[in-house]
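Quick heads-up: structures coming right below.
Each of the next two complexes has chain A plus one other chain: chain B in the first, chain C in the second.
Here is the complex of A and B:
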């Protein structure tokens, strides 16, 4: 049965998008922070959060092929629908980065060109060497200057373009081959997907780390953490699993995916549970090592968060770890929709707050405001993501016609 | 009337599942199945109750958590306060992040060992215990279904034998036991 994107849910997504537009416009006009810093920071938060969900879907989709997974074949269109959002999410991030490059905001301190040179010439130009008439550059930042090869200049933009291009190309190819398989059948396309997925995972393994360094970690320019990439990646993965599970349960209640049984729900809930633990593990590993060694250049990150954002930061960690752990640990809980849904919604918001607190403390410091603009933008981008996902979902048969593992997936029972 | 035990051997788990389904449908009780690997979906057919091993494991792990925290509090805070890397000592809660890895590992250790030992004890398969499977081939590539007259008073031994022989099995052994 094909899915038609219409009725209440379409109205809902349009209303949410309208709220988002109002929040974007009204927020920009009423934002009194310097250079609309608050507005841009929230645009980055929402741009990245939903981009990350779409990217998580692309990763999970490739993982299913590379690992020759059977059970998920029946629901694979859901992931195709979610990674349709990658170009849009990527565009939002690109807008934020470009605006930063042209100094419309100061989310990325290192984008300030005056930080990189030690000396200031009388004519206002910069110099790296002590010349006649040179004065010390008061803006000079040695730590950032030492990172200039990686952050400042063309290499940063080359990386950003390569990430987005790679993701968009793979997403388009996977979708194209998947639809082609519906028509042609056989296993030729399946094995092609298998090989290309493995290739994609190689790129993803590197890019998932470096993109989170480039786009998120570089906000706190002086600070670095080597496992930051995995931490952000686990966050995007778990948000993706939550969104998939909730939308699939909703679609099933509307009579679609009718052969999705409790074992599929159990499997998805297991992913939600397991990746919540992975996320908690990485959050804690990052925290504990920095807390223990107590080196000034490392603790700055947590000092900012613990001094100005202590309550949301700790509550967010506690909810994202303890709620799925204690509520979802039992087998019966993972099959109980009435338990899954509240936990899923709660930790979805929890992981949004996680991304929020990746960006905001380093950009708004101790004068952050949380108001209707933040809520409106979150809802607006949610509406956009929902709209793009469900539109893509309605474009093709919900169940892949000729996937070789389709029967195995339908028979899933444990 | 002597009690009899029937061991029906199958060479495929699907065949065994279908046979079990049919026999249970006809009112027979299957006592047990011996298989080289777990057969998904068999438990509800032959009426095996859900294992409570997971609950036991959770309790062992919680015990491990408590024991680890108690131990570290006693060793490192109470009995012989230690100052490592300038961390504020004399307080469990302030040093808690440092204790979490050990607590975690000890919880896993207790949960896993407790679960494994409980499993062995409950099944009578601790090292050195006599094997209870009727045929060594069930550890290789054969599947045996065990049915006793003891559990099936509504059927005569001959009737059970007749029902079993209709199934797609490899061999059937019938033994008396007390």
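Here is the complex of A and C:
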């Protein structure tokens, strides 16, 4: 059965994208912050949030193959549709990073080349050694200078390119093989995907941490936390599960995925619940250990969030943890669409705010403004993500024909 | 009934019927003890006896008989404690988490893994117990009113959280294990001829009748316990890690500790399960139930958790440099190049490098390789805790108090002793308990048994 991307939902996604364009253009013109810092920061937030959902889909897809999962075979096209957004999301991030490199904004403090050298020469150039006529460089930052091998040079760019290239290549191959399986059948392609998925997960295990250091953690350049990568990863995973569940429920209500039964819904809701708990566990571990030890190098991160962003930060944690915990813990709740939908929408926004608060405190400090631009960009990128996902979904049969676990998935009942 | 995909390997090999399963599992309990069992239990019993002697000597003399000194105040004691708690993670992970994930292969291994978990947690509890020196006031770890002689416990201390976390974990694991045993005890009761054993197994089986009502409740309570036990799998080792991570000691204080300890615990737990089951399946002729596919699955868990641990090691190492904190960097430089670098490299080799051999299908399906690597992993995981504890402590902020730790014979004796006690308990379990969840196994015979799968595939 085919899915046609048309009618109301297409209009909706186009309208959302139009809102996004207005928010981007209007926001840029009206943004009075230095170097349009606020505009760029929000572009990074949205760029990363939706990229992360797509990457989460690629991860989850590979996980299904590597772990020989049966139940999800029936809905696997949904993940293929979502990871189609990876190149676009990657491009948005790339634009933000390039703009930073050319000093159109200073989201990344370490991109300022004047931090790395201890001395200033009379002609305005920098020097690492004390030469005749050299003065102390007032911008010199010893901590950042010591990170120069990792941050301030070509290696950073090489990594970013490698991450994006790896994800795009795997995403394209998985999709190609998946469509090929529809035609050819057999188990050869299935086993190939099993092996390649395991390989992808190896790359992902490393890159999911390092990219979150590179793109997000380095905003608070002095700060560091070993758990940070896994924390960001759990956020991308849960956002992906929420989006998947909601869109599948909508598609089912329109008569697509007609054999998706309550057990599938239950399983997806379990993932949403479980990864919400994983995220909460990691949030708490990181926060509690830093709070308990109270070391100046680390605690500044939470001091900022607890002083200038106290209400949104704590409300965000409360919503993302307590709402799924209390509402979704019961078995029946995970099968009840009327409960799933409000919780899903709420924590989807909650996890957006999480990403927002990963970026904003280190870029807007204590003079942040939240207004229509933020809302408009969030909606606009949502429209774009929806548009890309549903377009991809309409390009191939919704149900994979020759997947070896297809019957097992259709029979799912517990 | 949900039909399993044709490409899935069967979980029960051979032409087994329901009765065969009962015979295969209960048979060894009914017969006389085999010679090998008697020899093994004598050997492990002697080692256990020696360990108990060392413990009594320690209690009579004081913890000065360990090699601890004023710089290295924690060494083998806490290393052993964490090592044993870690091993105690596989059982509940298999029974609870894999139940939630509907992994049917767990049914062949959950019973013995849970037993192992319980024995491992008991071994772990010995160490903080005797570390107190005055074990007769051991109840002071509980928040009791001051009239009992203690001062009110310190709720800010992760060591107290440990008391709660581990006792909760132990209780839930024990109940979970026992609930699973009830129907199997009833099966043994019904087969026993001799009156005394029949009576004993009758009491143990709590009057199980096997009616549909019994089974419904059994399944409900299993799911509820799985739900309770899953967060416990995470909480126990997270809290153990907080014993270290809440401090301000470089090498101890790092935020990745909780999830990384959990992963390491599952890693070492599965390795110990492999060590035990490879021997058990052979001596008790259970190869049809715990076959190469089960071993392969467990090896995959080992490579995944081992690699997660590897990522965590490298993350710590990298961030120690990235942080720019001098003490933090030094702690790690000292780890891989200081006086204890041999321990660090043993840890790296055993935990990160050798498990990568399991990328080769041939190796992860080889019994010999699995057996050797299961021991290698447990050596590696012991050294991981040793590295974290001893190398982080032996050079503290004040170079004039730098020192080293040297284990005494009592340190070694008690550790070896706990191995003896552990294996003795496991052997007793294997002799008198149904080592496979036989009634649960019967539930998958028709969907995953080799003979049934053949017929099924033929029809379609």
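The rule is simple: the second predicted complex is superposed on the first by the 414 of 414 C-alpha atoms of A that agree within 3 Å, B and C clash if a C-alpha of one lies under 4 Å from a C-alpha of the other, contacts with A are read in each partner's own complex, and residues count from 1 in each chain.
The working rule: a contact is a pair of C-beta atoms (placed from the backbone, for glycine too) under 8 Å apart; a residue touches a chain by one contact, two chains touch by 3 or more.
Predicted model only: the values in this text are computed from it and were never measured.
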item	value
Chain A as common anchor, with chain B and chain C clashing or fitting	clash
Contacts of A:125 with chain B and chain C, given as first, second, both or neither	neither
Chain B versus chain C as contact partner of A:226, first or second or both or neither	second
Between chain B and chain C, more extensive residue contact with chain A	C
Touched partner set for A:258, first chain B, second chain C, both or neither	neither
Which of chain B and chain C A:414 touches, first, second, both or neither	both
Contacts of A:307 with chain B and chain C, given as first, second, both or neither	neither
Contacts of A:143 with chain B and chain C, given as first, second, both or neither	second
Contacts of A:330 with chain B and chain C, given as first, second, both or neither	first
Touched partner set for A:282, first chain B, second chain C, both or neither	second
Clashing chain C stretch [against chain B; choices 129-137, 381-389 or 435-443]	435-443
Chain A residues contacted in one complex by chain B, in the other by chain C	288, 292-293, 413-414
Chain A residues within the chain B interface of the complex	284, 287-288, 291-294, 329-331, 413-414
Interfacial residue positions of chain C with respect to chain A in the complex	2-8, 100, 102, 231, 234, 238, 242, 245-248, 253-259, 307-308, 311-312, 315-316, 319, 322-325
Contacting residues of chain B [partner chain A, same complex]	40-41, 54, 58, 85-87, 97-98, 100-101
Contact set on chain A toward chain C in their complex	68, 70, 142-143, 146-147, 150, 187, 190, 202, 205-206, 209, 213, 222, 224-230, 270, 277, 281-282, 285-286, 288-290, 292-293, 295, 297, 404-405, 407-408, 411-414
